[in-house]
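Next come the structures, one after another.
Consider the two complexes below, in which subunit A is the common component and subunit B and subunit C are the respective partners.
The block that comes next holds the complex of A and B.
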């Protein structure tokens, strides 16, 4: 339906524009602040005309916080988390939708409930597990008296230990499980016609073959959408990387921004901090721009 | 080529039974059509043959080997689905060749066989297209190609033509028939469309309510329906049914004082029967003709080659198909005449066919 309502159109655009300004203004201010020198950035009010020191500030921020390796770390972590989530949630949803086994709905609801348990809630036990992945097994052995038995028989003291602190696996693995992703895939798999499944069975394709040849190609858009969201989410993680990386070689870009924020008593170098922020913001922006076509398609229903 | 033997097959969903013990034998190379209204269990039966549904009780054997526990791929069946079920992300060639790919056939041989199938189905120029870019008829042909390429022992068709428009349906019908003549594989075709069933079948299986009502050639089923259900389901317009009671000298029709004058033996006087007569077997005569049954015209449907005249016979609906050029006005009275040989009798209680009547008296069979 096409309506001609010039006045309504005008107001609609006005509201849209106001919303746009509201969203974009902070970024513009960050960019302007990043272009000033130490004196101008601390003027009150700060001049909203861009200064001339933009590239100098960017370079300073880059070297001060050593952003090169940090960005690489962030990228590895965010990519690992996004890829892991896409794979794990596809497999989980496949199992829940296509197989009938006892406890299936229970498992689904357990996964669903974890939506309500963000990382922050379970961060202490998660830290304990990552510090020593085998800890739970050690506890089982101790409790059942098995480690005592083994020590008596072989003289070897059982001391299971596998620490993942300060490692990429430690950064990535605890973040990989995802209820949102499983749910998204489940909803998509439910829209795939049963006849397609049956046709694949008649063609002789087993379950995994069907998954790889039919389901995954069909859920391309889903994967792109989920991957993008999860990449952004992982890139912006702060608490978890902060907790488990004590060693500079595994530090993330987002947590290292803190180094650029002026300390009490230090010079108020906000222009450098803003420049660093701009750099760290850039990779997710690029990912969104590149992926947005599939991203949108994946979130709005199926193509039919 | 393979024969199919079905013995005492039942299907239960939770507590409800939808197929109540079916026994059937399909000969090798035969084209069998299973016909029935929706919900009669015909698709379930087909899917049990395919291996897509578990068999609750009884056995299905293909070529003498019981296949109850076999996966669909091990049964040597190929199936054409109602909605084609083409893989939307694969090209036509990939769709057709997918089963070969799964089976690990080398790429060169695969291409060759895809080409061969495409040639038969006239799909050669479409091999690179995606299903989305095909018309309904073309998709249907791709679905058949996908079934053909495996050179299956048994072809299964699950209402494959019901999504096509009328003209295409007629065309695909004859193509399926031609294809069968060429490949000569045992084919089981499920449909609710009786014209499709009549034209395609070597043998027709009519199902109703999870039971087989009749098995026979289309001509047999049409001319000697085994039950009242088959009589009214096969043939369009449906066979006319007149309820009546056996008397000493014929059958008196309910709802009126009319009487059918038939010679009959062996039927108890007082038994309730339904008398069937096909609309094509009724002749229209001038009202008042001796021996003709008077009826009021309700509605006339023009078919081009002929017309269907719906009349009212003492409150019972009745139809006549005629190719004569007579044009009775709605509301006018006409006379109906038919031969005793064309009458079918069914028990009012069981619906089964009663074959105790011997035709001995020539027409007119009716007295108004």
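The block that comes next holds the complex of A and C.
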């Protein structure tokens, strides 16, 4: 604070407090609505004093939408995406920063371009690929005449087929296939002093050794930031899981919410819907609260 | 920027890049190419091969009033929600940056909304803005028929915009606050010594210095409004009433997967891709300028 500005300070507090209410109110309303019974939740206006049915509603929502396994699925997927990103991006960044090979810039640009087109806009063909991941390779074999050749020589007709619908790999892999993390690592690797590399090489460390024993431990902060962001991002995915998981046993918590939208006919069971919403909201909120530092850092660094 | 010291065995180097390359080839380049191919052919959903139709898919889409309605809805949604989310976040970040008592609390709490999944917050707002229960019901009681997102397209659009802006206020706040905090304190203090007040300092020092962030967020908010809106629309309005909130990504989804019109959906995807690529190019040109700016 530079000078005394009592009036402005008053308005600053007022506006910030309004902003605070604006951000917190939806959480509070959801929690309160989740504690009412059917009659109270549909009262106009709804009472802002918590009701007594909180645990009952949570249990009902839990069983109606079968949230236990769905939350587990969400966790597996979010961890899978976060881990996949953290590992694969590190490998790729190491390759484009620490090696000189022909086509390096081409690889750099091939990866860079993936930043431009999010999954949502190429959703239909990506779905087709996941229905049979080997389709691209089959097509390549067909086009180059290799499958004809193989059929002539060995008599085996080449039919590559591997469907990933309703599987964790089908959920996770397409979400990992972007460049977001690669550039975060690249920026960091470029700041690692060359002297460190020289010293390691002088001590006889090869590329693998240097990567595993020096570079990775140094990038722990980056990993935490990237992991946090990617976990949240994956947890909050909706369109992709909705398409890929036609089978209930692989459905995600977030997509299951749709089951809880109250019917138009009959008394709307908002208390159950809000209890379910609260359960689904909570894990990412806990991650944000606990990992705030990494979350903010990762967000700004990946510009995601 | 390049490394001076590198490793010699470049075959190992390529091996490190292989997993990523396989992934992006299979799940990015192939589908993107496939989208282009589909958009130029007519595919039978139940098999039977593709017929080359040239630009016919684009022609039929661009002559379809529903599609233009969807583009208009997306642009209205993008403009209003981006404007709301950015202005509110800018004001809150500027005030938090004054570092009065309690600013740490705001710094923590104002970020929360961004962590929430779009469908979950959509569900919360569906309840809060429901015409028969929740809080808009109070308004309806005094003013019957004032608010009904189930019947009135403008109300539905307003609900979707409110839900989306709520989430992105948190996102924009993080970036604005980081930008404000990057401004050297001495600049502010020197200006104060010269007798400028808080408002004047904001207008002449802080605002010009954060224009790069404003521009960056503008592009990100618009592109996100095209993508992240899907979950909100699906839960809150399902594109209705009467297609009033049938935004572009939602239309691609419903045409492609519910209407089984792969070719039409692919052509729509291509148009959306071009739009997003154009925005991204604008952003990169700008990032170069930002580097120059410093």
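Note that the second predicted complex is superposed on the first by the 253 of 304 C-alpha atoms of A that agree within 3 Å, B and C clash if a C-alpha of one lies under 4 Å from a C-alpha of the other, contacts with A are read in each partner's own complex, and residues count from 1 in each chain.
The rule is short, and it goes like this: a residue touches a chain if its C-beta (ideal position, glycine included) is under 8 Å from a C-beta of that chain, and two chains touch if they have at least 3 such contacts.
Not measured: the values here are computed from a predicted model.
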### Message
Contacts for A:218 in the overlay, against subunit B (first) and subunit C (second): which applies, first, second, both or neither?
### Response
first
### Query
First (subunit B), second (subunit C), both or neither: which does A:35 touch?
neither
### First (subunit B), second (subunit C), both or neither touched by A:57
neither
### Query
When both complexes are superposed, which of subunit B and subunit C contacts more residues belonging to subunit A?
C
### Query
After lining up the shared chain so the two structures overlap, which partner does A:209 touch, if you call subunit B first and subunit C second: first, second, both or neither?
first
### Message
Taking the superposition on A as described, I'd like to know which of subunit B and subunit C A:182 touches: first, second, both or neither.
### Response
second
### Query
Touch check for A:198: first (subunit B), second (subunit C), both, or neither?
both
### Query
Where on subunit A do subunit B and subunit C both make contact?
198, 201
### Query
What part of subunit A is in contact with subunit B in the complex they form?
193, 195-196, 198-205, 209, 213-214, 217-218, 220
### Task
Using the touch rule from the top, collect the residues of subunit C that touch subunit A in their complex.
1, 3-7, 9-17, 19-21, 23-32, 34-35, 38, 88, 91-92, 95-96, 98-100, 102-103, 105-106, 108-121, 123-128, 130, 132-135, 137-138, 141, 166, 169-171, 174-175, 178, 188-189, 192, 197-198, 216, 220, 223, 226-227, 230-231, 234-235, 249, 252-253, 256-257, 262, 265-266, 269, 272-273, 276-277, 280
### Message
With touch defined as at the start, can you tell me which subunit A residues reach subunit C in the complex?
### Response
1-3, 5, 8-9, 12-13, 15-16, 19-20, 22-24, 26-27, 29-30, 33, 41-46, 88-89, 91-92, 94-101, 104, 107, 110-111, 114-118, 120-130, 133, 135-136, 173-174, 176-179, 182, 189-190, 194, 197-198, 201, 206-208, 210, 232, 235-236, 238-239, 242-243, 254-255, 257-258, 260-261, 268, 270, 273-274, 276-277, 280-281, 284-285, 287-289, 292, 295-296, 299-300, 303
## Note on the structure
So, in the complex, the side of subunit B touching subunit A is made of residues 50-52, 71-73, 77-79, 81-83, 85-89, 98-99, 102-103, 146, 150
